[in-house]
Amino acid sequence: MVSDGPDTDTFTFETSGSTVEVTWSDRLQDFYEEFIYKPGLVAWDDRRTRIGAAIMSIYVLMGILGAWFYPAPESNQVERGLGPFETLSAPLGSTGSGEDVLGMVIHATPEMLIMVMSGGIFATGVAVLIGTVAGYKGGTVDRALTSFSDVAMSIPGLPLVMVLAVVFRPRDPVLIGVLLTINYWAGLGRSIRSQVLTLREESYVEASRTMGVSTSRILFKDIIPNLMPFVLVNFANAARYVVFASVGLYYLGVLPSSVDNWGLQLENAYSQEGALVGGEALYQLIAPMIAIMGIALGLILLAQGLDRVFNPRVRTRLAGESEATAGNEDRETNTEVNM
Amino acid sequence: MSISSDTLNESQVQDPIIRMNDVSVTYDNGTSYVLDDVSLAIERNEIIGIVGESGSGKSMLASSLLDAVPDPGQLSGSVEYRPDEEQTVEVLALEDSELRSLRWEEISMVFQGAMSSFNPTMRIKEHFIETLEAHDAVVETGLDRAHELLEDLYLEPSRILGSYPHQLSGGMQQRTLIALSLVLEPDVLVMDEPTAALDLLMQQSILLLLRELREKYDLTMVFITHDLPLVASLADRLAVMYAFELVELGPASEMIDAPAHPYTRALLNATPNLNAPLAEMRPVKGKSPAPINVPSGCSYHPRCPLDTEECRTNHPPMDSVASGHTAACFHWENARTEIPLNYAEEGANDGEWR
Amino acid sequence: MSTDPLLRLEDVAVHFENESGLLTDESEVVRAVDGVSLSIEENDVVSLVGESGCGKTTLGKTAIGLQRPTAGHVTYRGHDIWSIRDGKSDADLSWQEIRQSLQIIHQDPGSSLNPNRRILSILSEPLRQVNPELETSERRERIYSLLERVGMSPAQDFADRYPHQLSGGEQQRVVLSRALLMNPDVILADEAISALDVSLRVEMMDLMLELQAVFDTSYIFISHDLSNARYFTQHGDGKIGVMYLGELTEVGPAKQLIEDPQHPYTSVLRWATPDLAAVDTAPQELPMRKIDVPDPVNPPSGCRFHTRCPEAREHCRTTDPQPVPVEESSVRCFRARSTSPYWDSEPIEEDEDATD
Amino acid sequence: MNNYYLKRTIRAVLTVWIVITVTFGMIRLLPGGPLEQLRGKLLRQGVSPSRVNAMIESYQNVRPNQSLPEQYYEYMTALLTGDMGQSFLQKEPVTAIIGDALPWTVFVMATSTLLIFLIAIVWGALMAYREGSTFDLASSSASILFAAMPFYVLGIVLIIVFGYQLELLPTSHRLSPDVEPGLSLLFVLDAIDHAILPIASMVLTGAGLQVLAMRGNAIQVLGSDFVRVARLRGLSDRRISVRYVARNAILPMYTGFLTLIGFNLGGSIILEQVFSYPGIGYYMFQALEARDYPLMMGIFLIITIALVLAVYIADLTYGLIDPRVKSGDSRETY
Amino acid sequence: ANLVNNGDDENESPRHVSHVNQVPADIQWNSSNPANTPQITNRALFDPFVKYNFKTSEFIPYAISEWNFGGNTFELTVRDGLTWSNGDDVTASDIATQLRIGLYTGEPYADFTESIKTPDDSTVRLQFDSTVNEQIVTFQILADRFVHQKESEFGTYLETLKNDEQKGLKELGDFAYREPIASGPFEHDSVGQEQLRLTLRDDHPDADNINFDEYVFEYRESNQQAQQALQNGAIDSAFSLFVQTDILENFPKKVTQIQTPSNWGYGLYPNHSDPHLSDRAVRQAIQYVINRAQVRDNVSPDSKTAPEYPVGIASDNQQEWLGDAIDDFDTYGVDSTATEQATQVLEEAGYKKQNGTWVDSDGETVELPIMVPSDWSDWNTATDTVVDQLSQFGFQATKETRSYDAMLGNVFPNGDFVVAAAGWLYGSPQGSFPYFSLHHQLVKNNDAVTYNYPAADGSRGGNREDVTVPARSGSGTITVNPAERLSELAGSTDESTVNEITVEQAWVTNQDLPMLPVLEKVEQTFITGGEEWDIPKPDAEVAQVQWANTWLPRQGEMQYTGN
């Protein structure tokens, strides 16, 4: 112990233990531990994340393998108006023009996943960028960025998106994702900003500042990692918004029907196949509905469970590391979502 | 061990107002003891200070007195209110409604952290009124009393009552909370670290006011803190807790001048002091145990300089050191010589500053 | 460089203006620090004591260049640090160097460590700043050796943990190590031991003082507890500064200040410090007329302490006392000088000085 | 004090103005903006150029040959006098169309939002009180399930079930053919009858996440010191649940409530389309389809103003609801 | 259940409820104002000049009781006893006012009409500046025209038009006629968001044929809603409703479907300025590839037909007008994808298939984005199938959607498309006379689509150029000018000339394919019979008119019989 320490006069940097060497495999190992194994462990520990991840994997599989192997929907590929579970060639039945309903569901997935990713990345990316810079820089930069997001936020999202969709008629799913979240980031950016305002005053940020650490390094090392749970949760929420909005706009025919989409399927079942009146075509409505709800459910569950992944407390506990201090509060993030 | 300590307790206390017998609190279905077989009698009208490191179970002890241990803690043993009188109340056996009137009317409590003890969306006055109403007290007279209490606590009653909690500084909130706890004229006031978040000047001021309140309202006070020197001058008796147990109990002056338990002595030596020679302050080495793996025998033995084989295997009973002074140590006699105090013996008298 | 102290504060004031007014100008100004002069020498220890909200932290941060003063100058080895910051100085000293020389340790060790970084990564940061060209492995070695030096061994084990896996005392050691790795000239220790358990405080202070010798630093030590300040200052052979409502009321060597307080407020603080030896003495009266501190937005006129001072007289109400040297101390009270008109004025009557 | 309100008001007005300007610019700068398109269309129909100009002027309060700033000035001055131009589609003043449609949309959306929050508060609090129980678990699962459903999907389901299969409720329109608007019981009942399905689809899908949010808040409040102290003080459970738990748990949701009203107005475009409910969203969609720019901009503006107003009210009143906030500055909606 | 009781309790008067697909309150009855003109409600409010019967292919006199064609004159006689709902008689000058306004608003007869006179109170005489084909005159003046612009209401506009045409057009175009004075058996009673209520006029000459007091139009926005209303008896009739087969099977027995030819249907307009579509080979290849029967079956085999020969003549009339020559025409394969022929024409024209996709001689891919109105579900299905067929063949075909309004407003006038879906026939009843649909295909289409066909009129992006096609009989080619030949037809009263030009121009369309016919629509009108209404059999002669639910009451053929 220090107070009993023998020599207090000189101090040299010497290690008493074994020599320290860092090899590349160590780093890889570290990386695997930090970013794959432990998050995975945490994720797997939570029932919600487990189910959510399982659901999302189904969609990813459907989007990659399914779309690869399963025949694309095409009119008259099978008999017209088949009911569900009648034949193996169209397990979920076929439309009035002989398209395989399951094929339609599957082939709408890749574009949907791309949209979801691009929308989610755009919304959270811009929000993080604007929120952190505004919050950390303060002053004029803050005022300018805040006013900008104020205005962006005051423009009603859905109407704006619809106007833009009608005018630009975007086809590229990446572009559609971005368009749908064209002002979704604004609210998110504001709440990130206010979190950054708090984080900025945290002692450890002040300590970094005192050490003369550069602003960008502080943002990336001290601020953003602490926002990650929040950002991830909102990524999932933005993604869900993209699903809902894109399907809605395809359903209304606002987005050009250049790709397969569940919304188009709904609209076809609704207005062409007479799913409402006759009842025979109901299955054509149900299949895309389940697809939509499934992906949304997956995203919600992920969002609910995800923020734990980035919580070092949960992480170390699950990884079986020791925990010196008492108090193991598991945070529950309140997800407040619109739409 | 419990039998002897019971008798001891009784012999020291003439007119007990509360008596705890073998009170334990467990969590995790009895696997972790956060209060272990504590027996303690509290004298009417005394101020008893309970001291211990953070996590030693002080708050649990306080909560036990009102049968208010946070869920899902299991409370066992018995807590008697007015034990030697005809209408002795067995606190742990009370019905909900009886408990409700016992609390605050007879025994009230001030928590650690006044800031979070008030509803942030209500004015202070409403807190008083609703408390009075909940106990069917006359609101007018109750408010008059509140005015008086607040004035006693050096506060401006009308301004305080009209404020929201956040509009008061920490010291004001703490004093207001004390006033709120006394508004129903309880006999016993349990205070769990009431001043921990305040600066020393405010702490001392409040202590001074408490002393005056005790006189004025005939109160019995249980004052819980981790800061031994703080209560030393306030309390009549001091109890030291270590690892969820009481390890020493005695009159305040004796506890400071001649503590018996090695832990108490180490604690006192570790406390920065205006008068002690600088060289003789020593930190307490090691860490206090967590509730799940309390060492066998004397729980202090891993940190104790005097530990022997006996300490490791046997649990030391509360031994009478002097009249009304008990300590749970096999070697308390050695302790006095082996662990000298860094202030009392010689450095004491240069502290005269007034 | 020879005569200039390491750090000098000249007539420093810090006022916080609460944002307000496109159209009205009723802005609130909190006078957190007012007219403070202080100097810190190499290997010095200066403690600041005072009530909560009296401006200790603000003054400390101003001293180490984290807070820009509203008025006055802060000089580092004779150079005004804010003109260097603004590029208006021709001194051969960069802001980066100053920044590295003045470090901080916060009150709550838990919150001054990024919960998402392991100890190793946290401690690499200062080395990266001071010594960017250092190899990763060498950096590790240095960190490990310092960790062991502050009593955290096996270092490798500790370095691999997250902050929440350390106890409060260990966290504070890490924070101290981080500051020391910058090889600073001054460390501001803002209530650095208050959050620790009583039993750990002495140990921590000892460690700090011990490393002072090794690393050649000065400390600005902030505490509301006079006995801690005394312990730290007296060991470090430095001065204690007593603050009240943004002003330095008394500055002096620890021993003198405690044993012979000049300012009534210092006596009050002295009173508030528990004294184990005086347990048996009967409780005294409250040595103040009021308990609560006045609002720093509207500090009292004259001597700021006059609303609570047991010795206050009419003169204190109107005139602001200036610091006077008394032995090695400097005191801001009329009573320190026997010729003051204070002695001729009437004691303040209780009723009329109700603030607010 | 007043200063804040003034500043906030100025900011709200400023925001609306910027949005107007941005939309004005945006629509005009789009490839072949409204005037160009309209001109092309009319000219090809064989309408003479002078008549085209006259028509455009009456549609948009804007003379096509003017420079952009002049057009802007005229548009703004007309707006200030409450003139939003003429709808191409309906040949009626935009204000008249909005005046007719807006109350219905507000009725549906305000009711939905209110119900969402009522349900969220009551249900969420109940779940918090019984944290960990089967009830809690079942409710949580149900909340998540409902939240996973877009409101229009539920709308379609409801239409099929209650409209087409059971034929219990009307699936479209604001009123039955025979019912005339007026202050009669018949009118009120009929209006409610027609609004049930749209409201139900908004409420059921919207409440899920709010319920969970309320549950989280309430759990947090339940664990707080002041609730513990209140129990010790012997307050009745009723008082604790209302004044302590509910009050403090609702606070963080308050601004969300107001902004959700504004937000839902935007969602009315899809909702009213699904239910053929002629409110502003319905007309917005029609205007969009037909490139009826005056109507489009008019409704766009109304929704924007509603949104800005909701946030404005939220900011101004939050201070009244949460005493910790002085005059709003420290805690704003966004 | 509806909380509201339909109808007034005390006054249980019989009424007929039909549907309308516009918001009733928005409808205005000035047909010269392009906004919100009525589609069906005017047929109950106003009497038609005459009615065209599809079974007999003849006009039935109605508000115009007689008409006489005199080469370059045309005389109309107003029905005796016909009155307006305000009590005034319907006079010749009312009719003349209406026809004169048409001269300014660009009605087709304006092209050849010199003057309009009213020799007496019941006669209107049109004077032409040259001889005009009788059929054309009859169709253009009588068909689809209603007695709706009363002189007292519209006379002032006519005056203004005479003095200042611009001003008059603007005023007339802005006039919203909200409380129309009816000439038909029902008059305007009240209107709201949800319904339009008309009440029986006792002074109408045919009032005695009608035994119910009200004719109500309820607003049903979509097909689905109208279908449901019909299914559950909320409405008694529905005009022009598209109903799929399986839903039709679900309809109650008492609902009768009356099918009439629409002389109209889904076709593709190639943009002839497109580098590929300007190539006849590509158009022919597309026509070969499209399997029209499959498209029909995918959409709805009951209400669509696949035209046998892609010419500018409706299926029903092809045999009649083309006679034996019909065998020379190319069908392009009605019920198959004629891959071989398509490949052959393409390869002959220098196209080749590269990696499964057709490219031109420069290596450019043949891209065929087909633009279709998003709001027409059957056309979307049809386009989906066409796209699939074309894609399978190796064209890069896609579907694009726009709202119908957007197509009318932007896409069509600006020629902003590669392939657009639009009606390839003229529509009823004019569509029964080939001149109209040939003119529609070759010269001046009805939808104001700028399709840049070189032979077409300037207003459609053309130059009235000659067209060269292979000769119908034998080898070699013929070169004709469709615009001239068709106006020759319009001015001819000689039957053989008319026939000759018709066959010739049909041949041109068949070979050059200015438009690509895909489907023809059968008009579906539904009327509820059963216990409640006494109605004729669907194929009865009297029912074979456009939208019988407004015609049958006038004929006493739709009687209310009980609850």
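The chains carry the letters A, B, C, D and E, assigned in the order they are written, with residues numbered from 1 in each.
Simple rule for what comes next: contacts are C-beta pairs under 8 Å (C-beta built on N, C-alpha and C of every residue); 3 or more make two chains touch, one makes a residue touch a chain.
Values in this document were obtained by computation on a predicted structure and should not be read as measured data.
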item	value
Chain of greatest Cα-centre distance to chain C	E
Identity of the chain that, by mean CA position, is farthest from chain B	E
Rounded Å distance, chain A centre to chain B centre (Cα mean)	51
Centre-to-centre distance between chain E and chain C (centres being mean Cα positions), rounded to whole Å	91
For chain D paired with chain E, centre-to-centre distance based on mean C-alpha positions, whole Å	41
Residues of chain B whose C-beta touches two or more other chains	282-283
In chain C, residues with contacts to at least two other chains	167, 203, 206
Contacts with 2+ other chains: residues of chain A	1, 3, 270, 276-277, 279
Parts of chain B lying in touch with chain D, wherever the complex brings them together	66, 68, 70, 100-101, 103-105, 108-109, 111, 113, 116-123, 130-131, 134-135, 164, 166, 180
Chain B contact footprint on chain D (complex, rising order)	224-226, 228-236, 239, 243-244, 247-248, 251, 321-324
Chain D residues within the chain A interface of the complex	11, 15-16, 18-19, 22-23, 27, 30-31, 144-145, 147-150, 152-153, 156-157, 159-160, 163-165, 209-210, 212-213, 216-217, 219, 252-253, 256, 259-260, 262-263, 265-267, 269-270, 273, 284-285, 288-289, 291, 296, 299-300, 303-304, 307-308, 311, 334
Chain D to chain E touching residues, read off their complex	37, 40-41, 44-48, 50-51, 54-55, 88-91, 163-164, 167-168, 170-180, 186, 189-190, 192-193, 276, 278, 289-291
Chain B partner contacts - residues on chain C that touch it in the complex	51-53, 167, 197-203, 205-206, 224-228, 230-231, 234-235, 258-259, 261, 267-281, 283-286, 288, 290-293, 356
